[in-house]
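Heads up: the structure comes next, in structure tokens.
Labels run A, B, C, D, E and F following the written order; every chain starts at residue 1.
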Amino acid sequence: MRGKVVCFGEVMLRLSAPGAEVLLQSARLDARIGGAEANAGVSLARFGHDVRMVSFVPDNPLGRTVVAELRRQGLDVGGVRTAPGRLGLYFLTPAAGLRPAEVLYDRADSAFAMADPDAIDWAAELEGADWLHVSGVTPAVGPGAAEAALKAVRAARVKGLTVSFDGNYRKSLWDLWPTDGAAILADIVAAADLFIGDDRDVALILGHDFPQTDPMERRRAAAEAAFTGFPQLSRVASTHRVVYGADRHGLAGFLADRDGHWTAPPLEVTGIVDRIGAGDAFAAGLIHGLRTEMAPQAALDFALAAAALKHSIYGDFNLVDVSDVEALLAGGGDVKR
Amino acid sequence: MRGKVVCFGEVMLRLSAPGAEVLLQSARLDARIGGAEANAGVSLARFGHDVRMVSFVPDNPLGRTVVAELRRQGLDVGGVRTAPGRLGLYFLTPAAGLRPAEVLYDRADSAFAMADPDAIDWAAELEGADWLHVSGVTPAVGPGAAEAALKAVRAARVKGLTVSFDGNYRKSLWDLWPTDGAAILADIVAAADLFIGDDRDVALILGHDFPQTDPMERRRAAAEAAFTGFPQLSRVASTHRVVYGADRHGLAGFLADRDGHWTAPPLEVTGIVDRIGAGDAFAAGLIHGLRTEMAPQAALDFALAAAALKHSIYGDFNLVDVSDVEALLAGGGDVKR
Amino acid sequence: MRGKVVCFGEVMLRLSAPGAEVLLQSARLDARIGGAEANAGVSLARFGHDVRMVSFVPDNPLGRTVVAELRRQGLDVGGVRTAPGRLGLYFLTPAAGLRPAEVLYDRADSAFAMADPDAIDWAAELEGADWLHVSGVTPAVGPGAAEAALKAVRAARVKGLTVSFDGNYRKSLWDLWPTDGAAILADIVAAADLFIGDDRDVALILGHDFPQTDPMERRRAAAEAAFTGFPQLSRVASTHRVVYGADRHGLAGFLADRDGHWTAPPLEVTGIVDRIGAGDAFAAGLIHGLRTEMAPQAALDFALAAAALKHSIYGDFNLVDVSDVEALLAGGGDVKR
Amino acid sequence: MRGKVVCFGEVMLRLSAPGAEVLLQSARLDARIGGAEANAGVSLARFGHDVRMVSFVPDNPLGRTVVAELRRQGLDVGGVRTAPGRLGLYFLTPAAGLRPAEVLYDRADSAFAMADPDAIDWAAELEGADWLHVSGVTPAVGPGAAEAALKAVRAARVKGLTVSFDGNYRKSLWDLWPTDGAAILADIVAAADLFIGDDRDVALILGHDFPQTDPMERRRAAAEAAFTGFPQLSRVASTHRVVYGADRHGLAGFLADRDGHWTAPPLEVTGIVDRIGAGDAFAAGLIHGLRTEMAPQAALDFALAAAALKHSIYGDFNLVDVSDVEALLAGGGDVKR
Amino acid sequence: MRGKVVCFGEVMLRLSAPGAEVLLQSARLDARIGGAEANAGVSLARFGHDVRMVSFVPDNPLGRTVVAELRRQGLDVGGVRTAPGRLGLYFLTPAAGLRPAEVLYDRADSAFAMADPDAIDWAAELEGADWLHVSGVTPAVGPGAAEAALKAVRAARVKGLTVSFDGNYRKSLWDLWPTDGAAILADIVAAADLFIGDDRDVALILGHDFPQTDPMERRRAAAEAAFTGFPQLSRVASTHRVVYGADRHGLAGFLADRDGHWTAPPLEVTGIVDRIGAGDAFAAGLIHGLRTEMAPQAALDFALAAAALKHSIYGDFNLVDVSDVEALLAGGGDVKR
Amino acid sequence: MRGKVVCFGEVMLRLSAPGAEVLLQSARLDARIGGAEANAGVSLARFGHDVRMVSFVPDNPLGRTVVAELRRQGLDVGGVRTAPGRLGLYFLTPAAGLRPAEVLYDRADSAFAMADPDAIDWAAELEGADWLHVSGVTPAVGPGAAEAALKAVRAARVKGLTVSFDGNYRKSLWDLWPTDGAAILADIVAAADLFIGDDRDVALILGHDFPQTDPMERRRAAAEAAFTGFPQLSRVASTHRVVYGADRHGLAGFLADRDGHWTAPPLEVTGIVDRIGAGDAFAAGLIHGLRTEMAPQAALDFALAAAALKHSIYGDFNLVDVSDVEALLAGGGDVKR
């Protein structure tokens, strides 16, 4: 934890239906801020790391709200530039009962998506940092963002930073511009130390499936394939979500390095408040574990508990501290006085 | 789906405690619109049917709110008349934890209850329609409404419409005026094609019990008795609610015609948001299945899934579309992006 | 139920995060009134008992809000005095998912904590009463309060009232002033007829542990030890909370007198709305049972059902009536119309 | 202030649109409690008087809310009986800009309107009281209520209480039952000491107009006519509302006894929060002045300032204390710290 | 009022800060629907006219909300098509004290702006209509919309409909695409019967200023120039907003035809709730007056009163009826019971 | 604007009644952050200055909320230490109509009030700063705070910073500890360059009154006396609040240096949203003017306009930018699009 963690990605305004309502059932929206890399960054800041956000927002009240909120959460916002375009939005109908959550993206032509990939001098931007985190959402939003993401991870590699990449593959996202998403993802993974992705992500990138029945076996096979395909890659991790029932999920974890692999058995997650951002919370938990030199099993357990706790927090950000995660790992409890 | 579905019944203002509060614990009420037939009508409109509401409301801001809300939900409100009297209200304390929901009716002397049974020329009103839906709540609210309901179903039969009748027997409702509820219900069932009612409804109407232990066996016996007692009746259906525990219900389905019967195994319903209107959602789902010529099992499964989804929607109306029901039947899912 | 129940203790303003938010995540707090003895008193008043609250509040709008709210709940507030100091506050982050509830006390230097122990003429104050209820929170908040609590229970004993004492031991509370909490608690138990406390409370007071594995066995051993140590004590009771899973607790009950002991098997409590005050609800339920001369098992069952229902009510107060408890004991139900 | 003030009248649930919305523009209603005599009673209780409310409410959660709210406000609710029927409601759209407030009554067939006039033993009910207050709304709601009001004022006269009667004539109210409202009002005024009514009220009761141009002259002439027509009447008072502009009212006051008359010049009332209940606040202020033996001018000034302050309070009740009224009379001020 | 009024324009989701907050000061937005032509259409529907909305919305929950809300307000939504693209949004910070309201448009690339101008067969769309209303916002949002607006007004002229055009010139809007706004506006005015625009609008279109000092003189001169420049134009109207002070506006009206001109003196508008949509309310009021064959002065007075009332209504829509406008014209009043 | 502005003072949690309610009329409080020096600091940060806050907060969620909120507003929070004690609170009932706002302080024993005056190494803390701002509230809260304030201003003087001191004398505040407030204030003014205080502040400090009738004359005389009494003082400034009527204030400004004096005529402030913090907004506006080397009249005008705008912003902080102030100075306007 000597240096800073730099997170690069789009930050959006999230507009969600209040309570268990469907979108615009009543005339009110809850407004929050979120985005895959910012979510991970906020969590890392709460875990005690110096985090610098790099992004583009419009020079208007919405963009300024994003900056203010990131500042509130303790991020260094010196790397958030203004640029022409809109602020990306997403509308969220939270899950309720047997009804799944629903996300409606409204992020086309955002300041981030349209930003000039050369607007950032990455050598300067990464000064003082020892870690770079990006996700697969970033290259998906537009060609400029894809090019910028590649420049970022390559510059990080040159400077000797650790690079973590959260695949985060979502088919609907890649409709925003016509390209070969798998190839771009492969280019980024090629520059990464830690790849957060499951067998489906690896299958997409490498172009072949993993037929094992057991999900952890599939992940192990995929990790091995990834280690073969990407020589610099040192770790592969993912969660495995098991939907036991409507309101009750199980969340298991997987981590592999070139010497072995570790699994964390499913944590039962009930009374879900907000499932959005759980993957980012896992990424942040894992990065925290690795940066604080936890043993692999401990790092994985910490990451999984952090992700499980995220389900209890409203909004994209995982507003919990190390002590909250540790308390859950120690068995949870009744009222904390 | 060539013609319209006509729904006849009272529409009320529902005033409920917000969140998990008890009634008037804090100084606020959530105001929604509902009523058995309107609930079914709104669901049918979302499923793609042309639905015409026939009702009576007072000529005041409350009555106009009812009309506006039905219009918002896509119903043809040309059949909603104004009449002297109040708007019927009901106060709702939602269920929470081990505490059951509580309904307090305040619908005496409503414009609907006091309406002149001759105010509607049913032959004209049913023009262009091929389906009429009424529920057992309608005759319960007053003698005029009872007479109007009978006139409606008889006119519908004369004109060759399909008539569905949802028994909806609730003891407390029939206290509104002194009469023989069972006899009136029998007269309406006598004019119906589809009767939605379980063995208790049939027992009440026919005057003898069904002693079978298994709930589906009781329903089958009751359906057979109903088919015997009411020669024109072609289908009998019902749900079977199993309270596994405080916050977790099971909802099973039953459908019989003169050739056979079908059952749908219990769907586990957890994280219940609002249980009111689930029966109306079942009725709408079944009517949709029958009108779109689904096979009996498919229609029953669709109706049960629709009813189960209703538990996830705040308010009386089942604000889901055919695609939502189909997604649940296909296995549900995590976040829909 | 000839006489009044007098409750003596601090009443606070509780400020809690709305919904499932963490404290001050958004710029709003829900404000409620609560305190161990007032919570029990409100519940007893709803169960039909005459209840007089004795307390100290500041002479400002916050103190007046406390008085008004107790009055609203049907308590005789003639014994609530004004005194210099602040109103005690506590900030609450409700539990959600895997995240436990969190209480932050801000009650130092409250009017209650700083009140003169001689400000109350207990002989006069207890006139017309046949029951006094205090909890272990009261002596914890300060030396004056501790002295007043002792004076109260001793005066009650002299006048022949039944004295109930709810141990309510919370380590963090006793940090408010430097003293030997166990000794003070022992002095109060020595004057009590009914002690609500489990084996940990008894162990603390008597200074030796109860090593039995089975929780009910430990409670029985502790009750026997308490009966030995405190000659006037006639009953010992407690709940046993079993955390089956994150969102699902079990609540069992224990009651002993000098002739025997009774247990109530765990009630499964799900869909928890607000867990605060459940212990006070148990105390009130038990006092109600004893004052209405229920048999021990019936009194214990009633108390446990009352405590279980509390989890479904927002706020500290258990806003349920005898009929609600009886309905749960009779099996609960679906919608109550 | 030796004895109690008894207030007799209906208490309703008021359901109003939040903020500046029109009724049911959004799906929420603010719920408050109000009614002419209760409003005056609450204000008197805050001014330090012992106030006993006599009324009828239904035995349901709505009726219990009324009782609890009156208790919260410090009234003795021992005289509030339960009776068959509904709780009277009224729906309020608050005024905004150039748009006047709008009240929609829904009080037909209320427990109060349908109560048996012989249900109250007035001799017993008035024990310990030295003042009775009723308003013209009470006899308007139904024949039983009218008879009860007459019995009340006559019993009060027999027992030597001071009787105040606030005319409160509203044409729309007297449509609830067919009768000669003027004759009933005259019967009540005949038993009153203090009549709060302007020249229009007196004209209605006595059957002749007051043609003077100046509003205070008209009031003086009307007062003289009233003193002539009703031998026992000792005081007549009223306000005079001057609508200077849309959002700015002037409120003047008038008081006469058999020896003279006094006027209070218009107070400018701006930034109006809630105009409902201002007349009741005037009545309470005047009764307070008379009961505390203020000189006539001082009593009138106090009453007018109390009424003016009511416009700043949300809800029917005038939640201000004597010190607030005195501060306004002393010139108001900036922030009070 | 034999035929329908057709309104053609974009309908947006308006997201505004609640109360007097600045945008996103707290984490909530109020969501309403609005757009110049829809606003006028809703007002006309409330005034009793048959109104058909023609527009384009995306086929997603936001587009469906627009349709549902227009339906709720009583519009025929048969002419609202779905098309690719986003739903146009605008963010609103309401005015407060000395702080002006602030609108942030986010409507680029909306379904309406990108719609194919040939998607509508105007001859068919205008069947049954006798009036077409469009505003200057419509051609501003994009070239397709501009072309569609021209096709609409020309088709209306061919079919003999009355065409009203509300200039609504806003400089910031015409930045959305590069064009000569004045020329397009002139083409539309050339096809209009009623042009709502003041001297600045006419100056822009005709290219010369009106130097008169008196605002009504300027309007008269501009109207004369417009009548000269556009031979088919029969009426020109506008409001004149006078900002007397921060919270107090005056709103005057002007109407001219080829035979004369009329003015309505300033109405003082205080306690402003929501100023957005006042111009559309004026347009609707004037169209109502003309369609119901009011004399010019009466139509102008009605329009001005309608616009003044709009300031008291939250949201874009003027939720008042003819009776409300008439009551204001008759002098307003205190509480309406 | 080369260096930082350092602000030293307590930051509190402000809990206010929502809307126009009285405190705890309903069960909700709005929670904001505020404090005289933080308010000025936030405003300065929005005006483009680098601002460092120095304060003490408890190490709990409330203290962390303060830090997060200051960070959100753009302040450097590196100088905010944690210390034992509570977070100071204040409860606010906003003004409404004729009812003045009411502040209830609950700040005794706060972490700030109890902080060790030697905890801050002022020489280090002021490094990189060229301006120090404190207010008279700081020494009032306790002896440690008073000593710390003196140390701060003396260290600032030694280092050559400009020192601004806002007198902010409030009698109720100085009750928190027994001392000679005037002497302490004098010691601080003795070290200040800019004193914000009117003739009452100067009179208190110097011990003699200013008898002039005209408020600006009194201010001039007081400024002259202050310049005489405090040799290093270079500027004296104040506002003059004129309460024209209940809902309408006038705000005038005064500024003097040793060469002359300037006045700004009253700005009419209507539609007041929140009056708290207006004085701090004036201080920030003036400091901004002086730091950007505006001429005295321009600086005073800017400060007064900033203070006037504050009345339109909810909360303690003046959330306006330089462009908003300049727009008001340029004449304000209607909707800003």
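FYI, a residue touches a chain if its C-beta (ideal position, glycine included) is under 8 Å from a C-beta of that chain, and two chains touch if they have at least 3 such contacts.
It should be emphasised that the depicted structure is a prediction, and the values quoted were computed from it without experimental measurement.
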Checklist entry - Which neighbours do chain B and chain C have in common? => result A, D, E, F
Checklist outcome for this item: Chains in contact with chain C and also with chain D, listed by label, are A, B, E, F
Next on the checklist: Regarding the chain D and chain E pair, does the interface count as same (over half of residue numbers shared) or different (under half shared)?
Outcome noted: different
Checklist outcome for this item: Cα centre of chain A to Cα centre of chain B, whole Å, reads 45
Item to check | Cα-centroid distance, chain A relative to chain D, in whole angstrom | outcome: 63
Item to check | Multi-partner residues of chain B (at least 2 other chains) | outcome: 19, 22, 27-28, 102
Checklist entry - Given which chains touch which, is the overall layout a line, a ring, a star, complete, or other? => result complete
Item to check | Interface residues, chain C side, partner chain B - complex | outcome: 19, 267-274, 308-309, 311-315, 319-320, 324, 327-328, 332-337
Checklist outcome for this item: Per the touch rule above, chain A residues touching chain F in the complex are 68-69, 71-74
Checklist entry - Okay, in this complex, where on chain D does chain E touch? => result 19-22, 25, 95-103, 105, 170, 172-173, 241, 243, 245-248, 275-276
Checklist entry - Tell me, which parts of chain D touch chain B in their complex? => result 15, 22-24, 27-32, 60-62, 65, 86-87, 89, 91, 93, 102, 104, 106, 108-109
Next on the checklist: Considering only the defined contacts, which chain C positions touch chain E in the complex?
Outcome noted: 26-28
